[in-house]
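Read from first to last, the chains carry the letters A, B, C, D, E and F; within each, the first residue is number 1.
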Amino acid sequence: MDRVKTGIAQLDKMLGGGFVSGDAVLVAGGTGTGKTTLGLQYLVNGTTQFGENGIFVTFEQMPNQIYRDAKNFGWDLKRLEQENKLKLICTSPELLLETHGTKHLLDEPIRQVKPRRIVIDSLSNLAMYIEEKEVRKEAHRLLNYFKTKQISSLCTWEAPGTIGEGMWLTDVGLSRVADCIILMRLVEIDSTMRKALVVLKLRGSDHDKALREYDITSQGITVAQPFAGFESIITGVPRRVLLPRSF
Amino acid sequence: MDRVKTGIAQLDKMLGGGFVSGDAVLVAGGTGTGKTTLGLQYLVNGTTQFGENGIFVTFEQMPNQIYRDAKNFGWDLKRLEQENKLKLICTSPELLLETHGTKHLLDEPIRQVKPRRIVIDSLSNLAMYIEEKEVRKEAHRLLNYFKTKQISSLCTWEAPGTIGEGMWLTDVGLSRVADCIILMRLVEIDSTMRKALVVLKLRGSDHDKALREYDITSQGITVAQPFAGFESIITGVPRRVLLPRSF
Amino acid sequence: MDRVKTGIAQLDKMLGGGFVSGDAVLVAGGTGTGKTTLGLQYLVNGTTQFGENGIFVTFEQMPNQIYRDAKNFGWDLKRLEQENKLKLICTSPELLLETHGTKHLLDEPIRQVKPRRIVIDSLSNLAMYIEEKEVRKEAHRLLNYFKTKQISSLCTWEAPGTIGEGMWLTDVGLSRVADCIILMRLVEIDSTMRKALVVLKLRGSDHDKALREYDITSQGITVAQPFAGFESIITGVPRRVLLPRSF
Amino acid sequence: MDRVKTGIAQLDKMLGGGFVSGDAVLVAGGTGTGKTTLGLQYLVNGTTQFGENGIFVTFEQMPNQIYRDAKNFGWDLKRLEQENKLKLICTSPELLLETHGTKHLLDEPIRQVKPRRIVIDSLSNLAMYIEEKEVRKEAHRLLNYFKTKQISSLCTWEAPGTIGEGMWLTDVGLSRVADCIILMRLVEIDSTMRKALVVLKLRGSDHDKALREYDITSQGITVAQPFAGFESIITGVPRRVLLPRSF
Amino acid sequence: MDRVKTGIAQLDKMLGGGFVSGDAVLVAGGTGTGKTTLGLQYLVNGTTQFGENGIFVTFEQMPNQIYRDAKNFGWDLKRLEQENKLKLICTSPELLLETHGTKHLLDEPIRQVKPRRIVIDSLSNLAMYIEEKEVRKEAHRLLNYFKTKQISSLCTWEAPGTIGEGMWLTDVGLSRVADCIILMRLVEIDSTMRKALVVLKLRGSDHDKALREYDITSQGITVAQPFAGFESIITGVPRRVLLPRSF
Amino acid sequence: MDRVKTGIAQLDKMLGGGFVSGDAVLVAGGTGTGKTTLGLQYLVNGTTQFGENGIFVTFEQMPNQIYRDAKNFGWDLKRLEQENKLKLICTSPELLLETHGTKHLLDEPIRQVKPRRIVIDSLSNLAMYIEEKEVRKEAHRLLNYFKTKQISSLCTWEAPGTIGEGMWLTDVGLSRVADCIILMRLVEIDSTMRKALVVLKLRGSDHDKALREYDITSQGITVAQPFAGFESIITGVPRRVLLPRSF
């Protein structure tokens, strides 16, 4: 199976080498978990390390902010755009969903950049503009559009419960549309908000099942060791337990 | 009682030999629990090990993806289709539910393949397209259609709560329609998302009551030993306890 | 007080000899708890052990399935029907609720079989077909119809929360209509789904208050000892505790 | 302050001598907690022990059942009715709420029996028949009607959560209408459903604050000692704790 | 800052001397926590100990009951009314909210009594009569009316969750309108319903943060020591813990 | 990156030097957590310590109250207004959102004061006046208006759950609009309501992840050490745990 590397060493390892080429990836997480950073890093690494161009679609932020944020991680998006390796598209959900005859808003950018990777940041924004019943259908249509163009897509999803609550991916039926689901979560440990990441699903392939700590450093996201000695990490408020080996 | 073997040794044992012939089976689970894999494995094993043909009905995935996913497990669906032992049907919920006079969309495929097994992946998709009040009635009608044709059916059901929440099968009254219910669940143990499976119901027959660990290997689903030393496994966030024998 | 024995020794003992003659009994439980089995066993024992005829009303299953399921427990319903001791009625909620002038769908069967016992499997199905506000009124009317005919009735109720959730009998106000309420629940203990039963209410009479384990054997339901050493059994996910006598 | 004794020794003691004369009492509890029994006992004791006549208003049960239930406790309601000391009124919520000019359905019975006590079993039934917004207003009007006639009233309220859930008295604003609130609850202890009772409120007077165990015996309700060694009794699923004095 | 003393010694101490003059105080609590008693005590102490007149506005109780309840605490409201130091106003929410031109229902009573203190018992009743969206606006208007007249106001709020549930002050946005918020809660400790009080907010001033036990004695409310040795008191069902000093 | 110092030493340290210039900051917290105080302190420190003018927009309080509250902390807002360094604007949400052609209500004040900082107290009030679907869009428009004027904004958000409940920032999609999110929470420890603060998000920059205790002193907010020895602080009802170093 062809792999699309994220360039985040430990994450690629968790995924058995990277995302599967052409797959639709869902990155779900609460506020401040770094979903946008992961998306940018995936695209930047794509072009700088693996020679794969990318498109970043956003609905909210002003481009300058994204350029600035990226720069903090040492990613010069503007240069990548000038080199025609990357394209930032600030649009509205309505425009993205509309099709004019057989034409789609992204047809032209895709023709120009010839991306192997695309990031939609975020599917939640899109979900706010359409009927709940339509969300899955529209998401499905959009992701299929990418698949037919053989572009690997990564969509972020803002999970509603910040902390101490379950995370509902399936409310609008999105989990089935995704080939791969990564969950990111703030976790309170020792009076500190730490970050946990887990691959919940990877269609047609084995993957690491551990809840691993990750961090957002000046170089972007770094994934580290699994947590140890806790229960209920996934709820965001784990309990410390004596490990079996301690007995 | 005639048994329809899944070919997953430990699961057949849990079921007292396999599903009961002609029964409607519900496989409920959250994202990434392997419901689709179980469905495919059931059909593939049916034709390769037990000489029983099958039909796989899906509403979402493009056929190529299913072929690819199956191949990862060493299942050559295309060959099985060429040998007229299996048929993949990609359709829409509307088309599946419609009847033209006394004719049903599946009449022709059933006539061709003469299946003993059918998989609907998933009933949740179907439920998204019809009124909540109608779901049970329509599901009932569909499952009865299979029963009158003496085909054993297996439907998957995407449970809404990913983790740390109860699983509601009965919201739309589906649990009564099913003769057999299997629950699959991601379970956080030692900072790892493991997988638990339990047979909740098997009409007219005894069955194993243990919550067993299972895994999705390169050969498909393998069911292993019951968990030990935990409470509240079914919630997805178990607590480790001292076992009584430890006292 | 006249008692209607279930023929399940330990359960009759819990009830102080059996249900009270003419009472309306509610058997509430989740999926796979054996409510239908309890209903059938109550009727079969009635005719074979106590010389009391019975009627079984169902809304969903095809008769053949019920005959088959019963046979697994060694209950030959067809023979009992031929001997005019039992009658299975497969009907729709609408038909059951309708009255034509002073005539009721069950008038004729009741005249024929002269039942002392009747089972409605299940009131939940009935509740799905009528307005929430009407459920209690209609249930009340139906149960009174049986009372005026001096028939002891047993209705099953599919509790919505499968596991790890409260059980709401009173959502539609049914608990007051019932003279006796039996709760059946799947309970996770030592990684196994075991079964707990408790008599919540028995109007005008003392009863056993213990949460007892029960099993569905090849002879039907058998009620055993109370659980010991657990807290919160009724939630379905009990905690093991040190018993006071252990101190 | 004038006291209206319930005749249940320990309960009267908890209340500082009994209910306050003319007060509106709310007895809230789930299924099978004995609210109706408490109401009947209050009336029967009133007439037999304290020379105070009473009226029992019910919306659901057929009179015969109430006579029978009462008889199980040794209470001969029929004789009390013949002696014009008690009156059972089976009516509908609509009829109870209607007023014809200045006339009320209960005017005549009150004139006949000259009751000092009245029981409405239950206010929940009444609440089912009127708009949620109107419940408090109508309850208020009804209770004031009793107050102006200087009759002490006791209303039962069927709390929706059977077990393991909070009890919502205030959803429809009833708690303020009541001068006295008694809470009755099934409580799981040592795998047994025991019963707890607590006086939550007694306007203008001190009262016992303990959660006491009570039982329904062949003589009616008996209140016993407070529970000891538990936390969260009020939730219905208490935790056993080491008492401070055990340290 | 000018202080308005409640006359409840420990509470005034918690508040740093009393409420701030002209402030709007919200007293939130469940059933049976003594909110009305606190309101009356605040007014009676005002006139008898601090020479400040007061008005008590109620929507529900008949005046006689309030006089009676007050008398139990030794408060002779009638005499205070005759001395023109206090005024009880029984009105409806509608009348209180209406304004006739520039005139308000309370203009005349305020002119007569010249109150420094006013109690609205309760804002919950008022909230029941107006649209949810309007509650905050109307409450705001009413409280501002008092502020412009330089009257310190105290409103009671019936929190919906009796026990074991969170308390929602902010559902209708009232918490921002209040300058001071006092929370009163029934708390189950050692099988007894005890009472906890905490000052949640005191705008522009420091205050005691402890959860203190209080009692309703024959002299009214008395506030005592903070609880010790418990966690989660605020939920109403605390857990006993070993205190750090016990280690 | 240009930093906008709050002047609260420990908080600036947590933020890596202060808010990022031009960012939109969200301060979310329940009742009595001091959100308004933080907003005022941010503005006052801006003008007195860093030479940056500010505007404070409020929807509810009467100006006098704010002047008084500020004075308690030693902040003389009136003098700052006379020196044209600060401006308090009491307006309505409607007026703030309206635009007259290209003119905005704040155009004139901004021209006058030339603020580098603006506080909106609170966004919750604003959210009460507009359709839920519009909240994010309007907030976004308002915050962008500030960004284009290069003003750093700080909005307060009244989190609905006072205690023991999750905090939902994302209900109306606000978390994505904010570049920085600070959470303030009342936390019950040792029977006392203490205060916890955490930086949940800081776009494009590293930040302290600890849950720190803070206090509201006579000089305003002071941030102290992280909590130690507790789990689930973020829920408001933490559990004390033995720290790993205690083993």
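By definition in this document, a contact is a pair of C-beta atoms (placed from the backbone, for glycine too) under 8 Å apart; a residue touches a chain by one contact, two chains touch by 3 or more.
The structure presented is a predicted model; accordingly, all values stated were derived computationally and were not measured.
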| item | value |
| --- | --- |
| Number of steps on the shortest touching-chain route linking chain B and chain D | 2 |
| Chain F and chain E - chains in contact with each | none |
| Separation of chain A from chain B, taking each centre as the mean of its C-alpha atoms, in whole Å | 29 |
| Per-residue overlap in chain A, given as positions that touch at least 2 other chains | 239 |
| Pairwise touch network: line, ring, star, complete, or other | ring |
| Ring walk, chain A to chain F and onward | A, F, E, D, C, B |
| Residues of chain A that touch chain F when the two form their complex | 30-32, 60, 62, 65, 68-69, 72, 122, 124-125, 128, 158-165, 186, 188, 190-194, 216-218, 229, 236-240 |
| Footprint of chain A on chain F - complex, ascending | 1, 133, 136, 140, 144, 147, 166-171, 173, 175-177, 179, 181, 198, 200-206, 209-211, 226-228, 230-235, 239, 241, 243-244 |
